[in-house]
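One chain, chain A, appears in both complexes that follow, with chain B as partner in the first and chain C in the second.
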Partner chain A sequence: MTQSVVDFDIEFRNVVKTFGSVRAVNGISFQIPKGSFYSFLGPSGCGKTSSLRLIGGFEQPDGGEIYIAGESVAQIPSYQRHVNMVFQYYALFPHMNVARNVGYGLRQQRPKLLPDEIDKRVKDALALVRLSGYENRRSWELSGGQQQRVALARALINKPTVLLLDEPLAALDRKLRKDMQIELKTLQREVGITFVFVTHDQEEALSMSDRIAVMRDGKIVQEGSPTELYNHPVDRYVAGFIGQSNFIPGEVVEVGERVTVRTPLGVMLSAPGSKDAKPLVEKAKAVVAVRPERIGLWREGEAGGQSGFKGRVSQVTFLGDQTEYHVETEEVGHLLVKLSSGNAGFGGGDSVVAYWNQTAGLALLDD
Partner chain B sequence: MGANDYMRDPISSLLKNYATLLYIFLYAPIALVVLFSFNSGNYAADLQGFSFRWYGETWRDPFVLEAFGNSIFIATTSATLATIFGTLAALALQNVRGWLRTVYDSLIYIAIIIPGIVIGIATLIFFVQFFGWLNPILQNLFGPTAPRLNLGMPTIIAAHALFTMSIVLVIVRSRIAGMDRSLIEASSDLYATPFNTFWQVTLPQLFPAIMAGFLLAFTFSFDDFIVAFFVAGPNTTLPIYVFSSIRRGVTPKINTIATVTLIVSLSFLFITQNLLTRSNARARTPDKE
Partner chain C sequence: MTVSTRKTKLTTALLLAPASLWYLLLLVAPLVIVTIFSFGERAPEGGYAAAFTFEQYLKLPTRSTPFINTLWLASLGTFFCIILAYPLAYYLATRASAQMKSILVALIIVPFWTSFLIRTYAWITILSSRGIPAILERLGLVQDLVLLNTPFAITLGIVYNYLPLMTFPLYVSLERLDKRLLEASKDLGANRWGTFWQVTFPLSAPGLITGSMLVFILLMGEYLIPALLGGGKIFFVGNALVDLFLQSRNWPFGSAVSMALNFIMLVIISLYLWLTSRLGGEGREEVSLF
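Entry: the complex of A and B
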């Protein structure tokens, strides 16, 4: 079944953008479904912000095509695109008060809107971001979180097809960032506008997005829902970027229902392959990735019939609800294990056995 | 080491005294001029008592008033021209990059430090040559009733606009460089055409710098003697009046004129400085991570 192009608010087809000799965006294609919360996730320099700026019209692609609401925007300048952006440092106009900042987009409309109409919509937009009564403040009198909400109101008041957000939470402190994550997600459901969000913070992306595109070196490595990315990363890079993982390197010796990997020490590990990844072949370099929370620990001697890897706890970090154990094993090296704090009482230096179900690991191509 | 050790250090105490002497040396003559402007006596250098007598006398002197009026008119007009052309040049230069930029930058700074006497001679020669070439043509075209172009107020205005333009350019350009580019992108993002973005965002952002450039250009023109002296023709500006009246002996009026000029210049400089620091503080881009 093919979806008609209009079900997507944004579509990229082989888009390329170069700065000098650097290919910031290296031939990417993707589709952003209407009304979704879509995130670009990756380290700095991976091309995520460039992609966003291409949608906004602040950069022109060197190749490929960009569609907004089904129409090519090749020749359309930023001021004629029905998308709005929340800039990383908000870019509020310092010579205007809050109300004039928020009403800026409406005042550009031709034919002109009536002043009463603009006032009313400014009021509504400020109410939406819980800033009623701040109309006459200047931007530099506001806190970071308030400036952020003014920037949101200034963009949303225009009812854009797509709202672009360029790391808008990066400048906020941790507590405020958590609150804004929830607020943004709620706001997005309320207004029903497609949000395109750029971030380097995987936690932010996981908690808010409907879909995430993980980027690296100007390419999309994997695209999917947060759970898909977490449970079925296509390679070591994604598995390491989304959540934490232990990686045990080795070589593929057998590919069947499960993949068998032999480590340099000759230990055989069996794990399923990732369903979205290219199938592994024999002799390929691979890693077995195991999430820290999927490893269990036994005190040595209490392991019973369980087989596992013997080791010693080298470090314990109490995180509140969970506790992190660093375990040095002989057979598979260093392991990070996360246990719920309630049922674990290991101390540094304890001899333990670490184990996991064969289905808990994931055999991935090493890069 | 406490503050006392610092004070006792012979070299730093020597330097401290030196600095005090230097400032006295710099400002004592100026302070004297201000002081003597309130003299009630008949002679400039003979302090009799405190009064505003000479301010009144100066204010009633038609020659002073004419020169003052000329100076104000010349300074306002030349500063306006310099502001318009300097700002336009700064806007045009913002897209010039690479070696060409270096060339333009150097030329601007050279223009600022060229001695007034050189500008004076150069503009004088230019005007004389130009008028010598243009006047016969005008005569031929319109007959003997044709206007004869000559040195006067317009030539002072032109010469002043010429050398103050680079000052405006430097001030406005540094403001453009310090401006947050994302404001322009935000305006474009919010459906403003490039023209509207210029009027609604760029110009208001540059306004303090443009204003500061105007005031500084005004001050430079108002104070200038050398350039004006060369191209003034029959007209008199305040500095030229002061210079020529000194040749007939220093009267207390000179002190009052100097004091008024000082106050005008200092207050303009003060406003300029204020405009620039306040607006720059607000326009500063937040620190990147």
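Entry: the complex of A and C
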């Protein structure tokens, strides 16, 4: 009957966590919408695990407030929080078989559940992760991917409000990782539980998440949907972390509808400023970021009237559907260019002209 | 290829020779002798007279008291070792700072630099009528308290001397326990108490079993503690053997008693092997004895 008034399962307000002199989490605030797939993305050591452990109650914040389903959890120990965690490297109980691992959470409930009820729910949970028939296996008899799914079933069986996943795919090989990405996303839609996912792999975050928080040094640099982050990164760091980019440094000479940046060699580049970006002012140090797939190449002499940057192909890497060209230009330095393999045909040493539309670049504050 | 395998085989044999010889001379040979003796008869002037009789084995029930004493006090001693060593090992493995750890480990080990005899004689003084009983009487708490030469004194001596043997295997198994398993347990809704009994304790079982085995098996052959702290009143099998061989010079009967002791130990070790193999699994054999 009661309708929940909060739309967020998790909220951080200015949360700080320090270990000695290290500020692992440095005053972060965010809200995680109900039922979403939310990722923390950042390099190793940026505070992702710490943030997750704060939600789980394995660490206590040194400042700020944490809310789960609208309620402050400062006084609530981990075993009473309605969140469950899939640990990095799974942490399966080695002295229990798969069924007892998965049923562990149910056996903790008071009043006690009937053994039949536990058995049935364990069966259902194992079916959910496609491990029916593995009840009596021991954890060390399972492959990495299977252990992963036992850990998932074990964490989901208590029907938590939020499921926390700490780099759950990092220990798997590439092919399996791809499959599990799809499986996780499907599972999340099926159970409708909020997933909070931690990864240092931008591809993983982009392909699964509804929203991503990009972290750096204990802070959230930018938060948004994968397309927002890809198309409108706020600064050089995010643009470099999400997908690849060419960065051409310079100084802002004019801010108008477009931003004009002058490189040290005096080349004028014009590009739109990212709409979410920190405002650029004249004389500020900036970079023009251009995605490799937004750059085109011509053979020198075939460029016609088009203006571009003359250069020489220094390296060609065939990637299957696409081919990567490293081009050394005089005016804007090294450029990485990605063309679809079909219409490519340049070789190492070829003289080329690189060009891009003025709207393809993005002027960002350099840090 | 064959040459090199033959060579390695030869090297292996050479390397194993001293140990094999040692066991042959000091373990297998005496065992054979004792086995033969146990079927013999006592020579009139004492010692062994050749015969083939089961008489000695049939007389074993007359010596059941030392066996009962040994089994009962060894069990009690092992039990108290567990009670004292578990919290200590737990604290060492999970709570103590590195500095505290070294201090505590030193405190456990240093007393053992003193000779066993001297330490046990010290206990005689402490427990004798001029020791603790005298102090308690002064305070008016008790009267005519006797501590020395009682099962209590023996148990105390056992716990005092064998505690490290229990502590270290327990410490090792608690130390290597993956702390994330405890977090996983709490994450799944178990409180501290539930986590201890469902995760910590079962995972420390190999250490517990190994420690108990070490203490119990060594206690089965214990001689000095009952001799000194039991005052010759409470016989262990070891004391009975000394008595049989050296006092009454009844070698065949003494041999039968030691065969019985060997048999009991064999049963216990088999039980231990069975238990550890049942517990066995990945990464769980490291603290086992054999």
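In the analysis below, the second predicted complex is superposed on the first by the 362 of 367 C-alpha atoms of A that agree within 3 Å, B and C clash if a C-alpha of one lies under 4 Å from a C-alpha of the other, contacts with A are read in each partner's own complex, and residues count from 1 in each chain.
In this section, a contact is a pair of C-beta atoms (placed from the backbone, for glycine too) under 8 Å apart; a residue touches a chain by one contact, two chains touch by 3 or more.
What you see is a predicted model, and the numbers here were worked out from it, not measured in a lab.
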With both structures lined up on chain A, is it a clash or a fit for chain B and chain C?
-> clash
Which of chain B and chain C A:G56 touches, first, second, both or neither | both
With the two structures laid over each other on chain A, which partner does A:A170 touch: chain B (first), chain C (second), both, or neither?
-> first
Touch check for A:F318: first (chain B), second (chain C), both, or neither?
-> neither
Contact residues of chain A, present in both the chain B and the chain C interface | 56-58, 77-80, 83-85, 87, 89, 91-95, 104-105, 108-109, 140, 154-155, 158
In the complex with chain A, residue positions of chain B that touch it = 180, 182-183, 185-194, 196-197, 200-201, 204-205, 282-283, 285-286, 289
Chain B partner contacts - residues on chain A that touch it in the complex | 56-58, 77-80, 83-85, 87-89, 91-95, 104-105, 108-109, 140, 154-155, 158, 170-171
As the complex stands, chain A meets chain C at residues 56-58, 77-80, 83-85, 87, 89, 91-95, 104-105, 108-109, 138, 140, 154-155, 158
Once bound in the complex, which stretches of chain C touch chain A?
-> 178, 180-181, 183-191, 194, 198-199, 202-203, 279, 281-284
